[in-house]
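Read from first to last, the chains carry the letters A, B and C; within each, the first residue is number 1.
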Amino acid sequence: MSKRIICLALALLLSLTLVVSVASAAPLEQEVIYTVKLGDTLWDLAEKYLGSGPAWPAIMAFTNKKNLEDSTFAKITNADLIHPGWKFLIPSAEDAEDFLATYDPSRPELLFPAGAKGQLVVASWWTAGGEAEGLTGLFNIYKAKYPDVVIVNATVAGGAGFVFRPVLKTRLIAGDPPDTFQLHAGLEVEGYDPETYLEPLDDIFASEGLEAVFPPDLLTLLKYKGHYWGVPVNIHRSNILWYDKSIFAEAGLTPPTTWDEFFAVADALKARGVVALAMGTSGGWEAPHVFEDVLAGTCGAEKYKGLWTGAVPWTDGCVAQALENFKRMLTYVNADHPALSWDGGGHYLIDNKGAMMIMGDWTNGWFQAQGYTDYGWAPPPGTKGIFVALSDSFALPKEAPYRDNAIAWVKVCGSKAGQEAFNPKKGSICARTDCDPALFNEYLKSAMADWAVDAIVPSPVHGAAAIESWVTDFKDAIVLFVTSGDVAGTQAALQQACVAAEVCK
Amino acid sequence: MRYLHWERITSILLILPSAIAIAIFVYGFIGFTGFVSLTKWNKLFPDFSLAGLRNYQGLLANPRFQIDMRNMVVFTVLFLLTSLAIGFLLAVLLDQHVKGENIFRSIFLFPMAISFIVTGIAWRWLLNPGSVEMGSTGVNLLFEKVGLNFLKTGWYTDPKIGIKAVAIAAVWQMSGYVMAMYLAGLRGIPEELREAARVDGANELQILYHVIVPLLRPITLGAVIVLGHIALKIYDLVVAMTGPGIGFSTDVPAYFMWDTTFQANRFAQGASIATILLVMVGILIVPYLTYSLRREAEV
Amino acid sequence: MTAKMRSLREGLRVRGGSRLLIYAFLIAFAALYLMPVYVLVVTGMKSFAEVSLYRMWDLPSGLHLDSFKKAWFGGFGFEGISSNFLNSIYLTIPATIVSAMLGSINGYVLSKWKFRGSDLLFTLLLFGMFIPYQSILIPLVQVLYKMGIYGTIPGLIFVHVVYGIPICTLIFRNYYATVPTELIEAAKIDGATIFGIYFRVLFPLSLPGFVVVMIWQFTSIWNDFLFAVTIAQNPNIQPLTVGLNNLAGSYIVEWNVQMAGALMAALPTLLVYIFLGRYFMRGLLAGSLKG
């Protein structure tokens, strides 16, 4: 009995799909002006009018093109977000076919027309939340200055760009890059073979007077093979010790500034049954993140910088001392840290079960979002006067299709207006030292003050201090150290990583 | 004759697209990956200059890879033995003409229908030990509630346990498969054999050991092959459940391969790991396939 | 099975109190196997206020759908899995249908129209089922990019069809092997061509084979993660497994929302399994190469 039902159901399904595909295969002789109704999707419309769902890019491209001449037509920026009442231009089957023959999904700029002054394709991995809002802020500044350029927001999600990079690289090799793309400021640029594929931005730095408004330490960080390759938009800080104010107040403690103080405070906290240092390490990068701050705090700014430039070998005593400090710190960490991501550590503070946490400044935004306000911040031990920085910048590929638009974009990124539009929304601070503090929240204000005077050193874990393969080796060595506690072995591994990166001898 | 010849050609033409697809997408690609593993391509942009076996030497000396291989062996052995044991036990129990056999069978088999990602998410929280300050959670909490406190451990947060916790989730997912195989096998054993042994004076346990288990050997072999190759390339479960884990205690070669290729841009190193994985799977599968092929030819 | 055999099958049977032991074991194991489902369901149904990692096993106070809604529609800073769900459908259904058709034709040729070397070809084909997909990822990405389908759903469909050839061919070949050659011979005598035999004799008989293959492929493709995460880079086209993993890996998403999402992601294949479990079993057995 059930066999017959299945038989019937399958037959029905097959015939239904046949009928639907035949019916929808009626080719469109000429273009149609269509008003979107509730429940429509681009896919359905393509199915209905062009005979095939995957032909939707044609509708998007033709509508966007029409929008330039007639703004009653919609401008579709996100294929999944169309609204009832929007007016579309659905091309004829022939036009659609011609378009689709040249369409390539890795080049979203094809879905947008060229404005009177062309396009600006901005490739980044800023797809959600504050980052996306910040990017929109930058776009608005640009649009106000250059209304005839169509901006294409070509984002590819995937934490810190790991999906984005291979796609971008393929486009660079093919000589078909976007007009500009996002890049961690610092040595990460090495991976893109900048001398072959990117334009140096020295002239722009000069004409925009950027060398006067960026801190000198930052300028050193940005140089690779003697040139600037990207304009930094924002600055994040890695080395912050967040602490729960009430626990500290009850225990009569103050945030530690030296290692001895740290361990004394930790002991006191442990005695009170509270987790002294909360961590969540399931992401694999959190422990190395804490270590980079310990390293900076133990070796000091100059030696720390030297480690990454090859001036100081990793066999130096301060590295061993840093490892010892880190090892001792780990005895005060919550036992379930491998099961939690970094925010899991944060929950200890929110629930009053943990007292301290070393994590980057994105923690501030997260605490606020969780409704937690009873926290303070201080530089981790040894890092007073040191700013461990990570930054995002935009680069200029050599074969950028609309070079002038890209140059204009890069200038907007470095401008006061641009950085003031971007950073408050993203929860970071300007790379420039002359942004208006009134636009930023309490924590960011204090970060800006530090930024102007501190010694700035790069963060390896976030792509500023070293090339990607070195960063991976560094992270792996620290992950192993967390369980092994083998100082000598890890120090050798860290030196080996530097050699493999061809920075040390 | 000509009629038959045309049919022969058509049959070959029908299978040709698949044959070509497999030739390229399986064998061709394996070859290319093997080639890449011998090059210097360890940066974002390709570099096909040859480097001999340097990538392999680097891997063997790499502490993370050494841990990965150890994890893989531990995982495979634990996963195989436990799945076989539990699957066999459940099959024997279900073979007893129990009421509600269908329901029990469905319960044991349903984990096979869900994704390793779903399994990983569920078991990540089940085997999260919690902490002294915040309280226990997951199975530790359950043990606490029923008074079995001594069973509490750190599960995957304990570097000494690590991948064994992942094996628990994997056993949950796949032991139903083993049970189904054994059940079908048990049902296929003719009663005369058991009767004959009974007549000879054997008790039930001896029948089990001397008659049934040997007859189920082909099934055991098949299960070892299928579970074995799944264990060697386990990836999704690790991603969703633990990531590489503390001290890489839940890291596996397949995970390392993805990490090093698509995160660190070390394509040649990733290709070497992939090739090693392939050779290990090959050692398991190729003899089995040739054995099957030969048996087919005999029939 | 004759009545005599059935009574003789009391062999490995135990009686009386021992039967109680058997039921006890089975129920205990069943509870163990259902434990994760219990946690998934119970957590998903709790209201946001009562969700706590440290009271995981408590029953919910009522039926709350907040977690499910958030997992489906998304919240501040993250996308829900609704679009991923649709992407999985766009991916799985065409791929399953094409796979099945291809498998059927291949199985037909390899079982009824053997030529010299066809068994070897079959074995070579079969090897493709076992390879670790890591060993073909690097060239796959390059070739798909050159073909222009990298990062698209059709590209993913293509990949699943190609790598589904071995298992689909296996299932159909074994299935068609059970079709008596006399039927084929009779059709040949009637003058049918290779195609005619397929459409007139085999295709009408193929329904169970199709159901088995389609259920198997549907489950495999719906649950696949590796190909999806490597090829579908644009979040707009990411299938459910990737979307779910992103949800689970995002620090903004609470764990109860992750659980609810996982449950919803598992639902389709679970439903297929519950209602068509018999065919699922057959797919299992076919894939075990009992040759």
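Here are a few things to note about the model shown:
As a convention for this text, contacts are C-beta pairs under 8 Å (C-beta built on N, C-alpha and C of every residue); 3 or more make two chains touch, one makes a residue touch a chain.
Worth saying up front: this structure is predicted, and the values here are computed from it rather than measured.
Taking each chain's centre as the mean of its C-alpha atoms, the one that lies farthest from the centre of chain B is A.
Looking at which two chains touch through the most C-beta pairs, you get B-C. Averaged C-alpha coordinates put the centre of chain A at 36 Å from the centre of chain B.
Between the Cα centres of chain B and chain C there is a gap of 16 Å. The set of chain A residues touching two or more other chains comprises 163, 166.
Not a single residue in chain C touches at least two other chains.
Residue positions 124, 128, 130, 134, 262 of chain B each touch two or more of the other chains.
Contact residues on chain A toward chain B in their complex (touch as defined above): 162-163, 165-166, 169, 173, 191-193, 273-275, 281-284, 334-339, 348, 351, 353-354, 468-469, 471-472, 476, 479-480, 482-484, 493.
Of all residues in chain C, only 5, 8-9, 11-14, 19, 22-23, 25-26, 29-30, 33-36, 39-40, 53-54, 56-57, 102, 105-106, 108-110, 113, 115, 118-121, 123-128, 130-140, 143, 162-163, 165-166, 169, 193-195, 219, 222-226, 230, 241, 244-245, 248, 255, 258-259, 262-263, 265-266, 269-270, 272-274, 277, 280-281, 284-285, 287-291 touch chain B in the complex they form. Contacts from chain C toward chain A in the complex involve residues 76-79, 83, 90, 141, 145, 148, 150-154, 207-208, 210-211, 233-236, 246, 249, 251-252, 276.
The touching residues of chain A, counted against chain C in their complex, run 3, 6-7, 10, 43, 53-54, 79-80, 104-106, 127-130, 156-158, 163-164, 166-167, 170, 341-343, 366, 369.
Chain B contributes residues 42-46, 63-64, 67, 124, 128-134, 154, 156-157, 159, 242-249, 259-260, 262-266 to its touches with chain A in the complex.
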